[in-house]
Structures are given as structure tokens and as C-alpha cells.
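Order as written gives the chain letters A, B, C, D and E; numbering starts at 1 within each chain.
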Amino acid sequence: MSAYNSGIIARVLGNAPLKAGLPPGTPIHVGERKTERVNITVLHYDRHGCREETTEKAEQCRFYHDREGVSWINVDGLHHVDIIEKVSACFKLHPLTVEDICNTTQRPKLDIFDDYLFLVARTQTYDQARGALASDQISIILGKNFLLTFQESPTPIFAGVRHRINSGKGKIRTMGPDYLAYALLDAVVDSYFQTLENLGEEIETLEEEVLSAPRRENAEKIHRLKREMILLRKSVWPMREILNSLLRHDETELIDPAINIYLKDLYDHTIQVIDTVETYRDITAGLLDIYLGSLSNRMNEAIKVLTMFATIFIPLTFIAGVYGMNFDPEASPWNMPELGWTFGYPLVLALMLAVAGGMLYYFKRKGWL
Amino acid sequence: MSAYNSGIIARVLGNAPLKAGLPPGTPIHVGERKTERVNITVLHYDRHGCREETTEKAEQCRFYHDREGVSWINVDGLHHVDIIEKVSACFKLHPLTVEDICNTTQRPKLDIFDDYLFLVARTQTYDQARGALASDQISIILGKNFLLTFQESPTPIFAGVRHRINSGKGKIRTMGPDYLAYALLDAVVDSYFQTLENLGEEIETLEEEVLSAPRRENAEKIHRLKREMILLRKSVWPMREILNSLLRHDETELIDPAINIYLKDLYDHTIQVIDTVETYRDITAGLLDIYLGSLSNRMNEAIKVLTMFATIFIPLTFIAGVYGMNFDPEASPWNMPELGWTFGYPLVLALMLAVAGGMLYYFKRKGWL
Amino acid sequence: MSAYNSGIIARVLGNAPLKAGLPPGTPIHVGERKTERVNITVLHYDRHGCREETTEKAEQCRFYHDREGVSWINVDGLHHVDIIEKVSACFKLHPLTVEDICNTTQRPKLDIFDDYLFLVARTQTYDQARGALASDQISIILGKNFLLTFQESPTPIFAGVRHRINSGKGKIRTMGPDYLAYALLDAVVDSYFQTLENLGEEIETLEEEVLSAPRRENAEKIHRLKREMILLRKSVWPMREILNSLLRHDETELIDPAINIYLKDLYDHTIQVIDTVETYRDITAGLLDIYLGSLSNRMNEAIKVLTMFATIFIPLTFIAGVYGMNFDPEASPWNMPELGWTFGYPLVLALMLAVAGGMLYYFKRKGWL
Amino acid sequence: MSAYNSGIIARVLGNAPLKAGLPPGTPIHVGERKTERVNITVLHYDRHGCREETTEKAEQCRFYHDREGVSWINVDGLHHVDIIEKVSACFKLHPLTVEDICNTTQRPKLDIFDDYLFLVARTQTYDQARGALASDQISIILGKNFLLTFQESPTPIFAGVRHRINSGKGKIRTMGPDYLAYALLDAVVDSYFQTLENLGEEIETLEEEVLSAPRRENAEKIHRLKREMILLRKSVWPMREILNSLLRHDETELIDPAINIYLKDLYDHTIQVIDTVETYRDITAGLLDIYLGSLSNRMNEAIKVLTMFATIFIPLTFIAGVYGMNFDPEASPWNMPELGWTFGYPLVLALMLAVAGGMLYYFKRKGWL
Amino acid sequence: MSAYNSGIIARVLGNAPLKAGLPPGTPIHVGERKTERVNITVLHYDRHGCREETTEKAEQCRFYHDREGVSWINVDGLHHVDIIEKVSACFKLHPLTVEDICNTTQRPKLDIFDDYLFLVARTQTYDQARGALASDQISIILGKNFLLTFQESPTPIFAGVRHRINSGKGKIRTMGPDYLAYALLDAVVDSYFQTLENLGEEIETLEEEVLSAPRRENAEKIHRLKREMILLRKSVWPMREILNSLLRHDETELIDPAINIYLKDLYDHTIQVIDTVETYRDITAGLLDIYLGSLSNRMNEAIKVLTMFATIFIPLTFIAGVYGMNFDPEASPWNMPELGWTFGYPLVLALMLAVAGGMLYYFKRKGWL
């Protein structure tokens, strides 16, 4: 679960307000604590081999700052601000960067520093159990020989990349940290496709329900889906700007132009995600209209049934009421002589039938039957 | 039928999620299998003649890589990834291109490589039987002497172009593969006009129904039409960007400036398609309002009828009820002396008539009659 | 009447699909046949004089290709493709231009060729009889010494320009064909003002109706007006781009910079038309809301009347019903002793009055009366 | 009152259509005649003094064309086209300018001529009596030493500026005609603030009404306010473009760069007006939703009251009806033996109470009470 | 409370109209008087120390105009225009600047003068007591060695910055007035986060209410929230443009490029605020739909209950009515012979049960039960 959209709305901003008044560049953990221990994993590799180690001593990271080959240092858990600060110090990160790493309510963005690029990305995975999106913030620092990643909790999203490095599959081991950064962003965008598939299935189920038999809960679900689409959009839209900036990359030399073709491909995928989110939003918005129309329809039907029954039986009941009056036929020949007629009763029944038949004919002509 | 919009929504993304975790550039067939066998057709032509052959040996394509004249290699069926890979190898396509060819959930796009242009287009044809759109992805690779096309199934859309090459009609045989690429894209855009005509007819029929006698199913059809317009728009909108890029073509030398005038014409047609789709969307959106207004109208009418009957007869029934009470006139002269009057009954009937008349007059003045 | 918006929607695209599969540049008449004979009128003028002649021999136009002075060749009727082709050949028009002239479903546009400018404009006139818009396509080809116009039928829109040339009024005879093109476009834009005035009157009438006494047909009329505004907008919006391109005119030398000030004025008028169309659209969209609110209001009123009558009389009828029960007072002193009281009947009537009065007081307090 | 928005919609375009067919540059008065006499006022001033005179001889204006100091010639009343033409001739205005001055349906705009700038602005003042906006067109011609203004009627808006010139307050007398033009535009924009305040008060009153006790007339007022906001926006939006053009002023030397800071300030005010108009539009649009929701609410309430009464009393009336049947107890012991029971009547009354109580409990649980 | 949004709408513009007619640059206090006394606080600091003093003599500020180190002069209370003018005179501010400082209805903006930058910002704090936003205008003038701030009332927002200067925390004392300006703007943007959290909580509470048990007051609260979001957006949106201009800062040398990285960070925060405001707007807009749907739903339910009761009991009551008629069985064997049958009464009761059962079965099949 995520600080980003668990507390639905109010917590969108985490405990950001706590920070008001502090000097800029003061790192404070903003967000939910998602893991117990802070884990530091170092994966050092080059064309020839790869070595992985786990440490808890943040200071040891300083050896990887200028080391030959590519070093990928991953930190899981952001609530121990001092560990984050120590790691950051090893790579001489700017205080504003450290502050942003700790604050898990960031909007995805790209900051270009002299020595490194600072990227914030955001995953949105579909939590089947809760039936809602869960979001994690991932900070990526791309230096000349190293790549730092900071995550709120150990996510399975990067497992594939790690496996490719370990096994030497693909060309990842022959490339620099910029390609690694691309591979990680690619994994993030790929995870959106899974999320979109889950949402798509929900929309499809909902669509069938709304079109066949709308229920009260549908409105709530439509509202929830709309809100999730808004959050998803908010996460993925800035990715586009980030990739656009990376593609122009005239401001930095940390991205090798040879990576361009991969970034362009990733950009296309991001556009596809955005496109699909927009399509889903349009469809979901349409569903609410259908739902409301459907309610109107059922009300219409109920009112027609009521109107038919009432307009047929009310006149009949009135007729019966008339002949239930107790005017005294003996007091005057003008008082309800019908009651004494030979065919009084059958005639009244016939009158009733005629009235009912007339009403039914009228409804038939009106198209209500 | 198409992977793109058959399973309505969830399948918009095909089995894309299967790919998560694989290194970029790994071709996997994403989408529905639409044809049994993979067919490779080679059409080689120049100013003087044209030769067509069908083969199943993908390796033979390598002869056409640098051959004098224009070679159009068309592949129908994308599920045999190894065949796609073999063909691609003959023309030295980038792994990312091969991956995109196999994934039939692409957004239409243009990728500019050093040796070739990679174009993805998407047809949307109206399936009369199912009353829904069916979409096919078409990948076009434009090289110096060759043009590759990859389709999900053999579509009739390119038949006209093939016929023109075979018969030597028009100037197609005197031009290069860039003109061929234009001709194929022109055929794709022309197919949209047919689709728009079909949709336009549906909208027209629906409009008449909604305005004359709205039915419950109309809402569903409006929803479906809206969704199809969204899909259509999603397919055609990127075409505009593609043509725009081709028209600027400062990044590539594969497009002869002489083709420009044709591309500009095609661009205008695409704008016309987009314009019409937008017009249809506006009209369809308006239809839902009319439909909902129509429902309101009918409910209004039913309620008025009910109100009229009820408000006329309820007082009458009440009067009849009063004179149906069994107070004993003999117990006291105060108890219902009317029952014994000479003109009691006629007077009550007159009272009832007066009440009914008064109500009718009131409704008339209110404009309900 | 016009192919553009006669068959309401489906025919927006004319018989465009017929063209699918033909090589580009094949002229086929797309649209309705609006005139019987094809008429060719040549108006040749310069500072000193002017000569007008009508011919049916298309070949004669070739004399005007390079003739001193300004030649305005106007063709009414587009269904004889061979005549169009012959005229076009005289002025060496590109096949794509000829194709577009014949296809009356074009979007207004400007194509810049080496030797001429090709302009497509579209009139929208209000057909009082049918109460709907009728549209005509006008193709204008501006060459160095000549101006060609192709119309679907002889429209009265250009009569004023023709009169000015014949009478030598204004400066038109002292200017080149670029000024003539401007004058014709000015006439087209002026015709939009007339159309807007007609639509404005319709909106005004409709507004009064909807606000005072909404009727079922209003919804239909609002829908129709909205659709017409969409079509109008679709015709006039591209005019703006065309004029913008002409004003920049760095790509062509066929427009004399001295014309600029006139084109700028025309551009302002076009913006004013667009502005007004948008204003009308906003107002019309607002009308639908008012209409729906009005329906709600009337339903509300009907339901209140019903509720008042029902809630007042239902309890009274119930009381009357109670004393209409036939429990036998003689069987037991507990059985309806009221029936035998001296003031039983007056008391019950008083009770009824009290109940009715209480309900009325309640409704008054609720603000329903 | 104004030609611009008096006849509500149809007259938006004045009698513009009358002009169709005339050569461009033919001045015709389009709009309403708002003043009887045409008044020409000349205010000539420089650092040292100021002289004001009123004349009816348009020809006398020619003395001010090149005169030392600043000459402000103001013309009230546009219906005597010949006077306008004479004044214009004195300052060598282009025929298109003269045409636009006379046509009071212009969209605010800026035309840059070689010798002068032509500005059209539009006031929108709130007419308390009619409760509607009234609009006036103001044409400003800024030359090297002179400034011409043409108004439909003598408006009080410029009184402040005139007073400042006469009294020598502020720096206006030390500046050129460009500063005067700025001061006049500033007065126009200031007048919008007054209009906005009036509209804001109306919206506030309406908001209170709609939220507390919505009435039928509210819908009409919301509609009217929306339309006025549309007109206001249409007048003020182009002002922004005009000021933007003046600020860039690379195309003209008639604006002294020292004026820039004032124009920037005026630009900020215009943005503020636009911002406020947009805010008001959003709020007004929201009001309609609240109004419709309020109608629904009241209908809901009425229907609940009806349902409660009906569902409580209908079963009771039915029970009373049963015991009002005339089956003959003497004919058979099966026929209504209850009528003869000792406690028949009290038992039935108790049954009725129980039914009513049950219904009330049900409604309580449903939250309807 | 604030002049900006206290009087809800009408007062958006304060008493701005009072100013109409005055020469530009005339300072007049526009807005509410929020503090009694005008307070001038001077905070002079450099790397080595810091001195704070409070004065009421505006003239003394002139000593700080060119003083070594950084001088921050803060003025609380804007209603004594002469004090503002005196302070402004000390720093040679342009009359237009002074006018804007006094007018508390400014839109946030940046004006670049030769000697200083003039910034207007706007706070929006959530007033828990009133449950509404309160806004204050803050004018910041950034000179070479000094920074002026003008506030409507002493706000707690700048307390943190003042504390950091006094205590020497962070790097603020080592930087120039440009960093101080950044720190103050940062404090303003931070205060928005607090406001957003408060609004977020309100939206969350409202959301729960609307989804579980919608009440009449919800519509009003949604409307109020929407309006507050509009005001918030209006305040924060221009901040983005301001920061964008500062980041480009090619027009001024008052901003040290070293500050850039902080301004970029602040820009990102502003985007995050804007993003969140937009998200909240979308969610709030969705809530209204849910609310209206919910009303429809409840109406639906009430109507169904009514229809069920009415359609079941109306026929039964009619049957009872029939047998309550007083036709005389003795007058003719045709007159209600059922009344004399042995099992007449039980049969009628059975008929009634059958009718009721039939109706219930019908409703079950319809899914109403």
C-alpha cells in the first residue's frame, strides 16, 4: 500500500505540511513506512562479470563513486533519513536531491545537475486484494559510473533487470549506467501495462453490469475508477516530459546518443499508456451517463406501471363507490333508482369493463404497452 | 476481427503484460492469430516490368535487399516470430523494430533509422456482420530499394495498389519505394472513408430513432458508437503526426521531395477524416442528451396523466365514500339527512360533475391538456 | 441543396468510398449533381475595359493562359469530369488538383503549387424553405494572369464582384487576379454573415420558446441547430488557416504584398465569424440545459399537485371508509357505537375538515402553496 | 443600449448583411443610431497649455494633422457617414479603416498602417435599469501628433482623462498621443471592473437564492448571466492580443518604448479582468448544476411524502373496504362472521393501527423520517 | 479574513471601481483593513550577524537603500497609503508599483524594472473556524542589497524564515536578497500544501457522506469546495509563470544563477500544487455527479415502493368496492347474487389473495424485490 493514494485524498500530500518552515534541503521522511529494515544492495558489473553484495553500512558506498565498470546501488526503505544522507554524501548529492528522495509525494520529474541526473518515477500497481491502485516512488540518480535507486519497499518490478545483469542476457552488461537507467524506466512503464490490463477488465465487467442491470454500487465503482484513472494519469503524464527532456539531452553528457533509439521506443510506449488512460477515462465517463440514463429508464418504467394501474382502477373504484352510497331509494324515486333495476349490477360491471378497455386502448396507442 | 478492439477493452493491450521483464528487443507475438499460414509475397518491379512470387522461405528475401528496381515484400501473419525474425535479418532491421512488428497493439508511429523508415499504421474496417469495428496493424519498412509490409492477415485494402503495379496503370511503376509507401498509406486512409460512411449511416438511423421513439437499447448503441469513435480517433490521429514528420523529412533522404505533393494531399485527407470523426463525436454526444431529454419527456407525460386522473377522481371517490358511511339517520336528525332528501342523489352527482369540471378547467389553464 | 449536409450525416462524405483503390489523381465527380448543363464563363478585363463571354468549348480556355490583363474563367457544374479535365489541361493543373476540384466533399484548404495557388472554399447559405443550411464548394485557382473558379451550381454570391468588374466600380479593374481572388473570398465570408443572422434569429425564437413554454420539439430543434453550427464551424475554421498562410505568403510570389492589408481585413472578418459561431454554440448548449431544467420543473409541479391532492384526500377517504364498514351495532355495543351518536356525522365531517386543514397548513409551511 | 447585444442574438451582427456585395472599403453605418447630432470635439494640448473646441465642420480637422503638440479629435455619433469620411480624409485614413469605424459590430482589433495605428475597443457597461449589459464601440486612431476617437454616443468613460488634460493633473500633458491612447484604453479597462462588480453582485444574490430556495426564474437568470459573460469575454479577450501586439511594437515607431511600462500594467489589468470573467463563468456554470440538483431534491421530497401517505393509508382503506362489503351474514355463516363478533370493530381498528405502525417503522429504518 | 474572497464574489474586486478615472500611478488602498497599526520591521544581516528593529518612521528606511549586507524591510498593514508612499520613495519605486502594492486585489505577477523586481504573491490559508479560505496579498520588491515586503496583516508564514536568519541556521545568511526572496516564496508555496491537506480532508469526508447517505447540504458544500478550488487555482497558477520568468532571468541581473537550482525546485513544488488542485477539482466535479445519481437512486426507490403498494392494493380495494355496492338483490336475481352465496366471502378473499400474489410474482420477475 502506498502513501500516495491509500488515504484516498487527504494523504495525497503525505505529511508534507510538517516541513513548512524548515530550510530548503532539510531531508525529512514524508510518507508511510513500508518496510522494516533499510536494505542496501550493490550490483557491480562490467562486460566481463558481475558481483552482488548486500550491506547495511551506508559508508561503504563511497568506494563505488569512481569505480571502473557500472555500479548499481539500490536502497530499499526511506524512513531512516540518516542512512539516505550517508549514501547521498558518498556520491555528493545536492541537499535538495536528498530532500526529494525522502519525500515520497514527489511528482515524477527530471533534475539536471552538473555531475548527475536526478529522476523521480512512480509505479502504480493494481492491488488485487484491495481492488485499488498502490503507488511507490522510485528515485534514480544517474552518475558517470554509477546508478543509485531509492525505493520505498523492495518491489518486484526490477527483478527482471537484475536477472538480466546477473545472467548476462541481452546487451545490458556491455552498456553504461545510462542504459541501466533506461532499462529500469522501461520496467516501470511495462508495469503500467499490467495495471492498465487490470483496470480494463474492471471497466469491462462494470460496463456489462451497467448496460444489463445497473445497481446502486455501480456509481460508487465508476467514481472510484475515475479517481484511479486520475491518479494513474498524474503518474504517467510527467514521464512523457522526462523522456522528452532526456531525448533532447543537449544539456547533459551523461546520456550516450546511442541510447536515443531506446529512449524513443520507451517514449512511444509511454504515449501508448497515456493514450490508453485517456481512452479509459472517456469510456468511464460515458459509463456514468449510461448509468444515469439507466436509472431514468427504470424510474420511467415504474411510473408507467403505476400510472396504468392507477388510471385504470381509480375510475372503476369511483364507480363502485358511487353505488356504495346509502341514499335511501325509499325516500324518493330520484335516489339511486339504478339499485333497483333488474340489470343494474350487470350494467355497472359492463360499464366498468368498458372504462378499463378504453384506458387499455389509450395506453396501447400511446405505446406504453 | 482484431486483437485491438475485439475483447472490447481489456484486450486493448493484448497480452502485452507477458512481455514485462524481458530485455527490450525481444520479439514476441502479441495479439490474436488471424491467419493459419504465414505468407510471403514478393513483388519486384521497375519501369519495364513486374514479377510476383510467393515463397515460404524467409531466407530468400535477402536477394531483394540491394536489388535494382523496387522490391515489395509483404508478409501476412505475425504469429511465427522466427519467420519475422528471418525476414528482418535479411534487411538488417533493428531488434526494437522486429519487436514492434510482432506486437500488434502498437500505436501508429514513425521511427527514423539510419537505413530505413519504420511506419506503423492501423486500419479500422467496419464489420457489417458484428456491427463493430475491426482493426489490423500494418507495419511498413521503407528502405532504399525495398519496401516491407507486415500484416496480421491478408487484407483486401492493398489489392488496388497491387493491381496498379501489375497492370502498369498510373505512374507507380516509374517511381521508387517511397511512392509505393505513399500509395499504401493512401489506401489505408481511403479505407477510413468507407468506415466513416458506415458509421455515419448508423448515426443517422440512431438519430431518427432517438428523435421519434427513444428505446432503452438506444443508450447502449450510443455508448458503443462513442467507444468506436474513440478507437477510430486513436488510430487516425497519430497518422497526422506521421505525415507531418514525413513532410518535414529533413531527417531522412529516403523520401524524394517530389513525393511531397502527394504526401500533402494525403495529409489533407487525414485531416478530413479526423474532422469528420470529431463531427461524429459531437453529434453522438448530442444524441445522448436528446435521448435523456426524451426519457424525461415521457416520464413527464406519464406523470401528468397520472396526476390528472388521480386529482380528478380522488375527490369524487371521497364524496362517494362519505355517502357510503353507515351513520344511522334514525338515531339522530343530524346523521346524514342528505340520504333522505328527495334530490340527494342527483345533487351529489351534480357536485361530482362540478368538481371534475373544475379540475379539468384548472388543467386546461395550466396547459396540461 | 448540397451533398455536404443534405443526407444529414451519412452523406457528409459523398460517394468518396467509390474512389477507394483508384490511383491518386484520378478525377471522379463526388457529390450531388446540382445543375443540368456545365457553363463556362470567361471575363477578361484590364484597366481599360472588360469583355464577358460564355462558351461550352473547354478548349478555348487555353487562349487565356498567358493573355495580357486578367482572365477570370468560371465553371458552373462539376459532373462532366471531361470538361473539367479539358479546362484544367489548358492551365496545366496538377492531376491532384483536378481530382480535388471534382470531389465536392473537400475541407477548405490551400495548396501551393509552383505556377498557381489552389484554394478550396465552402459557402454555407441558409435555405429558408427547408430551414437548413446548404453548402457549395468553390475551387479557386490563382495563376499569374488568370483566375479559375469551379462551382457546383451558379451561386448568386459572386454577382456583386462580377457587377463591380463590369461597371468598373472600385479599384478591382486596376488590380491583378490576386485582388480578384481576395474579392471572391470576401464575398464568401460576407455570405456567412447572412447565414449567421438567420441562425441567430432562429436561436432567439427558440430561446423565447424554451424559457416561456418548452415543448417536445424544442429538443429536436436544439439538436439540429447544434449540428448546423458544427457544420458551419467546420467550413469556416479552415478559412482562417488559409488566410493565415496567404498572409505569410513567403512561399509564393503570386500574392502582391499590397493585397496584404485586404487579406488582413478579411482575416479579421473570418475571426469575427468564428467568434460568433462559438458564441452561438455556447448559447445553444446553454439552451439544452434550460430545456432540461424546464422539463424537471414541470414534472416537479405535476408531482406536487398530485402529492397535495393525494395526501389530503387519502386520509379523508380512509375515514369515510371506516364508517362505511358494516359491523353490526346490534351484535355488540363495541361495534361502531359512533354510528348511533347524535352528532356522529357532524363530528366526522369536522374531523375530516381538521385533517384537510392540517395538511394544507403543512404544505403552506413547506412552501408548496 | 447597444447594437451589440440589445436584440440579444440576432442583432449581434447588426445589419452587416446589408453590406454583402459592396466593394471593400465602402463605409456604411452598421448598428443602432444612439445619438441625434454628430459632435466633433478637438482638444489640443502640450506641456504649456490646452485648448478645447467643439465644431460641426469636419473639414476643420485638417489643421490638426501636422500641428505641433497633441491633438485629440473626438467624434460622437457614427450614423452620418459623410462626416466620418470628411474627418478621415483630413488624416488620410485608409478606406478599410473608415469602413470599420462605421461598422459598430467590429471585434476589438489592432491594425498597423504605415502612418497610424487603428485600434478598435469595446466598452461593456452594466445598465442597472434594464439589468443587462450595454456595449459601445470605440475606434482609436493614433498618429504622430494626433489621436482620433470615434464613439457611438458620448460616453462618460473618458471624462476622467479629459479632466486630467484640462487640469494638467498627472503627466499626461507632458507625454505624446501614445500616452493618451494608453490613458483611454486604461479608462476602458477600468470600466470593465465596474461592470464585473455589478455582475458579481448579481451572481452573489442568485447564489443565495439558488442555495436556499430555488425558483423557476433562477434558470432564466443563470442563462442570461451566462450569455452576458460570453459577450463580456468576447469583448475583453481580444484586448489582450491588442496589448500584446503593442508591447512587442517592433512593427511600429508610433509607440514610445517609455510607454511600455504603462502598457504592461494595463496588460496585467486586462488579464485580471479575463481571469475574473472566467471565474464568474465557472461559478455560474456551477450554479446551474446546483439549481438542477435542488429541483431533484424537492421532487424527491414530494415523492417521499406521497409515498409515505399512500403506502400507509392504502392498506388501511383496503381493510375498511373489505368490511364495507355487503355479503349477507344471514345467507351463510361463512359470510363475514367478523361483522357479528363482539370485538370485531375494535380488533379491526387495532389491525389498522398495527399496519400503520409497521409502515412507519419501515420508513424510519429507511431513513425517510 | 480576506478582501479577496470574503464577500464571496462581489468583493473579488475590492473597491477597485473607486479608482476609475484617476491617473495611473495614484496609490489608493483597495481591500479590507486587516490590522490596526502599520508596522515596519527592518532585519539587516550578513554573514557575520543580524540586527532586527521595529520602527514607525517610514523615512528611516532610506538608510537601507544602499547599505552593505542584506536589508529586509517588512511592512504590515496597507491602509496608510502615505506610509507606503514614504517607504517606496526611500527605494525609488515607480508610482505604478506603489499603486499595485496598495491594491490588494492584484493577480500574482512579476514586473521587471531597471533597479528592482516587483513580485506579487498571494497566500491562501484555510480558516478552520469559518471553514473557508482566507487570502492575503504579499508584495515583494527585490533590489540589489534590499528586499521589501508588504503584507496586509502580520502572517505567521514568514516566521520560519525570520527564525532562520536570526539563528543563522541554513545558508540564508551567506546569500543575497535573491535567496531571501526565494525563501519567502518557498514559504508561501509551502503554506499551500497545508491548505491542500485541509481541503483534501474536507473532500474525503464529503465523499464518504455522498457515497453512503447523501444529504441536501452536500450540494452546497460541493459548490463551495468548487469555488474555493477556483480561487486557489487562480492564486497559484500565476506563480508558475512568475517562477518560469525568474528561471529564464535573461532580462535581469538581480537573480544570481546560483539560485537557479532552488527556483527550479520551487517551480516543481508549484507544479505539484497545481497538479493537486486539478486532481481535487476533477474529484469534486465527480462528486456532484455521484450526488445527483444518488438522488435519482433514492427517488427511484421511493417510486418503486409506491408503485408496488399502489398496484397491489388498488385492485383489491376495487374488488372490495364492488361488493360494497348496494344493488338490491331482492329487486332482481341479476343483482349481486354473490352476496347471497354460501362461500361468497371466502371466494372474494381468495380472489384478492390471488391478485396480490400475482402482482408480487410480477414484481419479483421484474427484479423490484
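For the reader, a short list of remarks on this structure follows.
By our rule, a contact is a pair of C-beta atoms (placed from the backbone, for glycine too) under 8 Å apart; a residue touches a chain by one contact, two chains touch by 3 or more.
Here the structure is a predicted model, which is why all the values come from computation and not from measurement.
Touching subunit B and subunit D at once are the following chains: C. Averaging C-alpha coordinates per chain places the centre of subunit C 25 Å away from that of subunit D.
Our note on geometry: subunit A versus subunit C, Cα centroid distance of 40 Å, whole angstroms.
Counting partner chains per residue, subunit D has residues 292, 296, 299, 303, 306, 310, 314, 317, 321, 324-326, 336 touching two or more of them.
Ring order, beginning with subunit D and continuing to subunit E: D, E, A, B, C. In the complex of the two chains, the subunit C residues touching subunit D come out as 159-160, 163-164, 169-172, 183, 186-187, 190-191, 193-194, 196-197, 200-201, 203-204, 207, 211, 261-262, 264-265, 268, 271-272, 275-276, 279-280, 282-283, 286-287, 289-290, 292-294, 296-297, 299-300, 303-304, 306-307, 310-311, 314-315, 317-318, 321-322, 324-328, 331-332, 334-336, 367-368.
Residues 7-13, 16-17, 19-26, 94, 96, 100, 105-107, 109, 111, 113, 213, 216, 219-220, 223, 226-227, 230-231, 234, 288, 291-292, 295-296, 298-299, 302-303, 305-306, 309-310, 313-314, 316-317, 320-321, 323-326, 329, 336, 338-346, 348-349 of subunit D are the ones touching subunit C in the complex.
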